[in-house]
């Protein structure tokens, strides 16, 4: 297996995530897109781990990323929820009071 | 070394600060106390300055006297280093002197609400303390950059003044700050790039002007010198102000209260030129040599341009302000020749301009105080209504146009003369051209000043002021003005009073520069 | 004929000095240099000043600013003396400027009227323009000395010695001389900077006599005489032919005289006459006639002061304070005999009537010009003499002959006592006025005998000509009867022309007599035709008509126009500079920066849209672009 | 793999902090509702307690490394740990009344605050990509919540979501970058990264990787163009949180960059080329755009937000300078750049916190963040006005207030570098210093020279805690300004790059 | 090796399609399901790379927890009364440009750097090795993450709680 096949997959996922983050109006969908980006990171890490002859550090790193990503999602969803409560919308386009 | 030798200068510097603190602590409506404190402070300062003048060793003007050199911020090897020599002594005296007179003048020109002539006394002592701080030869540019805070000036301008004061302050602010910022960069670059003699400054890097001047830019490649000089140039040139950095000046003057204008003209503008003499030239002589033609060019442009600007004015104060541009052009021309002649002339020019233009502003202020206008179209016949004031105006106009026998001449003539034969390595053709242009400038000076005199003092009183209640020079005004008028005459008749003081120091400085740039 | 200058060790200048200022490590001095030239000037200045003071006590009685007037007059005298005794060029410059200041103050003495203020300004400004030359010239004298001795100095003796030493480059000397010549042009009313002098007549008449005839205006000539070696070497005066100084002087002689013809104001006639006479002096210096020029300076001071004071007397007591000859004078001879006779003496002296002061001094200039290689200027001088004689006769005629044309007092604003006794008819002036007139008349007659080669008297040269640091090859022409006779004839022609023209009652009488005597109509017609032609076409049509008027027009509109235009132009340029360059350009740029700063601020604020996903977009685009740049740059 | 050696002494500050966090959390369960404010006391006590071992460690003075150099407690770390603890203490002081009077979850507030501080404390010692990542997230995640803490205010929610999302995105970019760094170097510990870079230089992949890694922190320090969240979040978040974000959180980001750059990517200058251009551009953009935008603000918090962007730009200058010089083999600049950043951070923390404290104090009366509401403050509350003047002046860099020295060391570093790029940077910085004067002076002017708007001219009452915070910070800037030796020493102690 | 490559290909294709689905679908629920596919595919790739522990954690955390969170999130923030609007905003093209820019950049540098580097698969990593690493080298981050999770939990509760 080529290292690059994993890396390019990762890059693709990452960029798909980027696209989603920018274009999705719904906050939850944006969070999902973020997850895509983080998934790409993990694939990178694990692929490098394997490429470096099983250097576990990459995998450990991936575990940390996983964990923290979960925490982030939790907080993120809570914030989205709060926004929904405050403005009855989870549309990020509606969140534009602060500007200038 | 008695206590005065070590404490004299410090007293001069910090007494006004004490005064400022006291003034701040005094209730605003207690006018008597405020005046009393301000007068006491400035008088005390003047007293100490007179002490310095008295104890100064006039046979060794090139030596730094009353020197105090105490470690201040070790980490950047910055010292509290103050001293006076022949170059700084006249300006020290001028500062102390003018501030007393300003306080006296404002005794009867107390700022009422919406009376823009009054003195914003709160700022005054602090301000001139600041100025004096630098003025001392004191050789630490860091001190300069530390105290170089135009904010008080701005506030000063904003507090009481004409209707456009906001605009004026912002412009002043923008200008002086941009200048200061680049100058600060220059100082820092000097600190890091010049290798000074460690036995003089304790370390290889120093802000000490004396040490830096002794190094004369050693360790710097020419390009770097040019750049650093450029930074210093901008900082000082804006303060001077030289063309084309002058546009803040008329605005600032027009909008500032009378005493503000006087202080601005008499003291503040000298910062720039003094900076050139004290810092830019001795520390970076080679760069100065390369820049000299350009500085000279801007100077003569300033001379002509300032004069032309004057001719277009309809406001008396604005005219006087523009005349400062021209006068400082002569000063800068003297400096740009890098000769002892020119620099002596420059220092004389600074003092003379301080006295004369300050005086003109005083008179303009009193006219405005009486008539509530400074528009030429409404003025006229001052000699009929207030003959003494009118003659004083005439006297000052004559002094300002460089009439020989009055102080102004001695700033202009040697400066023009020095351009005939600039320092070695500078183009004679260029500078002789400058000389002729500057000489033409003296004619224009006569033109605009006499024109002003005619419009204001001659002729008949305009109908609207026929019945105006005009006071001729009042007692306080006499007290404030007489010393200046006397000095203008005395210095004009016997210029050596000043030249004797400055010459030694200047010759020493130019000799040092000559060593670097080659004789 | 060239005579070597006699060296008399007896007369050495008296020098006294003290340190004035110190610069560049050496002292510059202030002091006095009393030598013959200075003494001569001191004599002139003090004498005339005294007489003018006496005269003024009456003339200016009850003036609104009596004290100011005398204060300024005294300041002037002091300044003039300072100029005269200066031992260095810088000090001379100080005096020079101070007399200019006093001139300004006195011309503008009645500053309530704008024309007076304008005249004062114009005088000061114009002379100040010339002072560009003085300023640079004085500076260059310093370096002239430096070239010669290695150490610069303003010292006049040193400058003169340096100029003669041959160690100084000719270019520098020439530039110095030209610069100083510019100063002379300004101060001594030479073409083309002469126009301020007629305007300066706005001042009180005694002032005109003292300042604008006798003393201040000759400061330029004095400068030329003082630093003569500089001019001599710098302009190569010894070389003959033509030089700038002589050319300027010669031009001024003619121009001034021509303009005097068309003036109706008696003071202006005298003013143009002064210009013309100053032209003689400058021309004299220019052709190498140092002694003659200074001598003319000396004599001219007396008779011209005499004439001015006389005109003042006329105005004071005869014409209700008007100076307009055509409107307010005429026929005053019978009312003011003393004034009339002193005026006539002055006129004769001025026009070079034989054996009076002007005869000796003017002739000597012409003689020297003829002796040296400046023949042309001799003829210029002679032409000037004709014209001088003519216009002065015209002046006398209009003032003292004919019908009295004075009506009601013309409110010239001259002085307050106009009201007091102005309603009287014309009468003789009081003694305080006529006294000085007679004294000056005496000088006008006698002054010439100080240097009358015809009688072998050369006291002037002996006493006043410098013995040291002076060009050795100067010419002192001997008296030649032919030259003197030529001059006399020329003057007489001038008298005759004017007389014939201005005494019209006489002329027809004359003609009818001829008619009766000759009865030869043809001859008469020819004669008449000849005379008519001569009088009408040559004199009237030629000099007074087109030429003089054209000259006057040129003078008022072109030369003066240029000067005024320079003034106006400066203001226009000032306005332009200020309004367009300064406010729009320089200040605009600054404000532009300020505004631009604000606009960028606004633009950056617009970037801050408040849209979260726009921020995200910016983030990723920036990441991409930065990354791309880094990758490309690597 | 050997068992890890725990240097308990070195870990003591972090442990005490962690313990405090737990105590705060538990106390919430124990304390009755009305005594919830007590948690602030516990929190502040714990913070102060944590300073004790820092002092003992500093007295001891040895560098303590753990986990093969992945976690280091040296003077630099100690100095910044102390800084963060002090900032935490001050933040608690300025929050007490704000949080107590609003309807907030008090103990949770302090709990989250301290957790974030723990992340910062860890960051100072972190010399490992994973630790740095974890520390960063520990700093960030609690602050996401804190920014949203005014739950019923949609502005606060908006502030939260913007901060959160931009934070997460930057984290993602950073992680992607870190994964590449790991992939290229095979290491996560910074000493190993340095070793790799020294040996192999930087490939183009590495350059991109380094840049992406730095993006995460560029977000944190709100460097343009990764700053978009900052003004909105600062304005919407509760003001004490804003103060905390603008000081502590930003400082955390800078500490991370310090670690990454100087302990990782600098590598004796061999890696400098890879990152200085990016930091240079960010510094220039941050200073310029930050200042220009601040000029136009009417809301003081927003103005301070842009001001903090600009200050961040100034703080980036020394990095760029060190990089420029390092790439040319001039390693000396790194030292002064490093200490410049440290010194600047210390000073910046004091003055910015002080400014926010005054903002909070004033808002208690005016309930407005508009600069116009400061009109005539000198007439009503002279002390507050003087203090605010001090803070503004210090931020502007006016001497004898702390800010000037910070600017000074910043300029020193860039001038020492001395190449064209450095000079340009210096000039830009200098000009920006000037622009900054304007908006700071605008506040001063409003306070001193304008008439108060309302009729109420009684002095603003300042609660003791807030007053203490204002007093402490202003004392700090005065002391530092007059005697900069103090922080200069700290900065020097903290330096150990080229050694 | 061929088999592995085939597996990779299949998984990768599924992940790629799902990823596009997440960012393009018009149905939020579908997006959540696509996310499951991506994460599961990721887990598969991990296994392929010998990182079994990570794979299982991935399954547990993501598919077990995170996706559930998302589903809750979707349900809680969707007003069932309002019709489904477009899920995309007007930044599609700029967004696509940004994504393509990044993709191009990343692909270029990656291909440039690693060209044909092969992954030599050794034995799957033992979980023990991972725990060793975590508890020896990364104990401090580990502990901090513990606190962090607590903080995130409490934070989320504070925010989400109705009061």
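As written, the chains take the letters A, B, C, D and E, and residue 1 is the first residue of each chain.
As a convention for this text, a contact is a pair of C-beta atoms (placed from the backbone, for glycine too) under 8 Å apart; a residue touches a chain by one contact, two chains touch by 3 or more.
What you are looking at is a predicted structure, and each value in this text was computed from that prediction instead of being measured.
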_Starting at chain B, how many touching-chain steps does it take at least to reach chain E?_
2
*From chain B, how many touching-chain steps at minimum until you land on chain C?*
1
_Most distant chain from chain D, judged by the mean position of its C-alpha atoms_ = C
*Chain closest to the middle, measuring from C-alpha centroids that were averaged per chain*: B
*If you take the mean of the Cα atoms for each chain, which one ends up farthest from chain B?*
E
*Does A-E or A-C have the larger number of C-beta pairs in contact?*
A-E
*Could you tell me the distance, in whole angstrom, between the mean C-alpha positions of chain A and chain D?*
26
*Distance from the CA centroid of chain C to that of chain E, rounded to the nearest Å?*
101
*Mean-CA-position distance for chain D and chain B (Å)*: 43
*Find the geometric centre of each of chain C and chain D from their Cα atoms only, then give the gap between the two centres in Å, rounded to an integer.*
79
*Among the residues of chain E, which ones contact at least 2 other chains?*
89, 91, 94-95, 98-99, 102, 105-106, 109-110, 114, 132-133, 137-138, 141, 145, 148, 152, 155-156, 159
*Indicate the residues of chain D shared as contacts by at least two other chains.*
130, 133-134, 137, 141, 144-145, 148, 151, 161-162, 165, 169, 204, 208, 231-232
_Where in chain C do residues touch at least two different other chains?_
605, 608, 610, 612-614, 616-617, 620, 623, 627, 631
*Touching pairs of chains, which are they?*
A-C, A-D, A-E, B-C, B-D, C-D, C-E, D-E
*Spell out the part of chain B that touches chain C in their complex, as residue ranges.*
170-171, 174-175, 243-244, 246-248, 305, 307-313, 322, 339-341, 344-345, 381, 383-384, 398, 403-405, 409-410, 413-414, 416-417, 420-421, 435-436, 439-440, 442-444, 446-448, 450-451, 454, 457-460, 494-496, 499-500, 503, 506-507
*Touching residues (chain side chain C, partner chain D) in the complex*: 597-598, 600-602, 604-605, 607-608, 610, 612, 614-616, 618-620, 622-623, 626-627, 629-631, 633-634
*asked:* Which stretch or stretches of chain A touch chain C in the complex?
replied: 18, 21-25, 30, 92-93, 95-100
*asked:* Residue numbers of chain E touching chain C in their complex, please.
replied: 89, 91, 94-95, 97-99, 101-102, 105, 108-109
_Complex interface listing, chain E residues touching chain D_ = 105-106, 109-110, 112-114, 132-133, 135-141, 143-145, 147-148, 150-152, 154-156, 158-159, 163
